[in-house]
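Each chain carries a letter (A, B, C and D) given by its place in the written order, and its residues are counted from 1.
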Amino acid sequence: MAHANKMSEHYKKCIAACEDCARICNTCSDDMIGMEHHGDHQLMARCIRLCRECAEICSLSGAWMSRLSPLADSLCRLCAEICDKCADTCEQHAPHHPLCGPCAEECRRCAHECRDMVEVGSR
Amino acid sequence: MAHANKMSEHYKKCIAACEDCARICNTCSDDMIGMEHHGDHQLMARCIRLCRECAEICSLSGAWMSRLSPLADSLCRLCAEICDKCADTCEQHAPHHPLCGPCAEECRRCAHECRDMVEVGSR
Amino acid sequence: MAHANKMSEHYKKCIAACEDCARICNTCSDDMIGMEHHGDHQLMARCIRLCRECAEICSLSGAWMSRLSPLADSLCRLCAEICDKCADTCEQHAPHHPLCGPCAEECRRCAHECRDMVEVGSR
Amino acid sequence: MAHANKMSEHYKKCIAACEDCARICNTCSDDMIGMEHHGDHQLMARCIRLCRECAEICSLSGAWMSRLSPLADSLCRLCAEICDKCADTCEQHAPHHPLCGPCAEECRRCAHECRDMVEVGSR
């Protein structure tokens, strides 16, 4: 594959991290929608929303990187910020929802990969 | 992870196939946009468009499955149809674009996984 | 605008209906996430999810029609089905949430426009 | 509609501008894919890609605003930047493609509305 060769291992790793993060955020957000809340309702609502938005920005970041878009850098910078916000909230909510712990970990990993990618570039 | 346990291996495999297919379709479509076309311009235009649409429907299918959506079945049925159409066109265009061959293979695999998932269900 | 002239009034109306439906479904779904539920929690959860999925399929349908995609027909057929399902649930939930009534109306209108579009075609 | 009342006219105008911009960018990008290029192939390729990315970020910005997401501000800031880049390229390409002129205008308008929205806020 001529084209894929243009992508560094680093770049591919960032795409994979975005896909992984989008997947678990989708699962995590949806699972909470079905939950009878115990405790802080507003915390859970914030968590549902952040996971949903985080899933979308991660998914778009992965798509733009897959297209080697010159705009991927600015999107990934924003993606890293949102991943960190989502991780903060998931960590707070983790005692009430078993998926929030692993979800926060993926968000931190994705934020890290996005920042690395922006520094190093695609090739 | 409580929730992820609800997903069968079969289901997870289908999500992964959709993500893989979306990624290569994004790369393939974008790469052709930059190409000076040799030969049949309309074939390449059709290929660019199908790969783009295929990437989008695969990505949405993956997201809906990640949320265990009861609507994932009908979306994956459509996804399988579109993957096959995309594969048909990529196979035709493969002699003119090195990425179209591997892209067609992923499309066929994704179509297959989607059809299997619809038959077997999520759990 | 050469291109936009290719679109019939009917087609443009369907794009607008999809955009309107996506917008209100996004607003409606999100608003319920923040609500303390009164009454049937599972009904509200189903409604939040359906509105979210409906917003996504309407948005994608609008995008594919804007590109005059030959695949827009099959997507709009599915979109009409999902809009009707979403309307059914929103109608049920309307007594508990003021946005669900108007949201159900937009879903019905969008389902209708999508079916009309599929019958008549894009031009 | 209780919820929609929470949105200022300004906010609604920004959502509409994002939807309008996404629509014309989708149409514009797709139309160029089918064109036999005359003149600068790399300019047209850049234009196809920017319109596609611009359509996606506008569509996501509209969705996040429809959900009154607290993250809409940072997304709209990025959206404004991308709209301006897209407008720059469409203006350059306008002599070769009749849709690029009106598309550039919508991009400028959307960039303007996004910046205004960020300053004024949602309510």
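The working rule: a residue touches a chain if its C-beta (ideal position, glycine included) is under 8 Å from a C-beta of that chain, and two chains touch if they have at least 3 such contacts.
Source: prediction; values computed, not measured.
Asks: Counting C-beta pairs in contact, which chain pair has more, A-B or A-D?
Replies: A-B
Asks: Starting from the mean Cα coordinates of subunit B and subunit D, work out the distance between those two points in Å.
Replies: So the centre of subunit B lies 27 Å away from the centre of subunit D.
Asks: Rounded to a whole Å, what is the gap between the Cα centroids of subunit A and subunit D?
Replies: For subunit A versus subunit D, the centre distance works out to 24 Å.
Asks: In whole angstrom, how far does the Cα centroid of subunit A sit from the Cα centroid of subunit B?
Replies: 21
Asks: For subunit B, what residues touch not just one other chain but two or more?
Replies: 30, 49, 63, 67, 69
Asks: Chain contact graph: line, ring, star, complete or other?
Replies: Chain contacts: complete, every pair touches.
Asks: Where on subunit A does subunit B make contact in their complex?
Replies: 1-4, 15, 19, 22-24, 26-31, 55, 59, 62-63, 66-69, 98-99, 102
Asks: Which residues, counting only subunit B, touch subunit C once they are in their complex?
Replies: Going by the criterion above, the answer is residues 49-50, 53, 56-57, 60, 63-64, 67, 69, 71, 74-75, 78, 81-82, 85.
Asks: Please give the residue numbers of subunit C that touch subunit A in the complex, ascending.
Replies: It is residues 30, 33-34, 36, 41-42, 45, 48-49, 52 of subunit C that touch subunit A.
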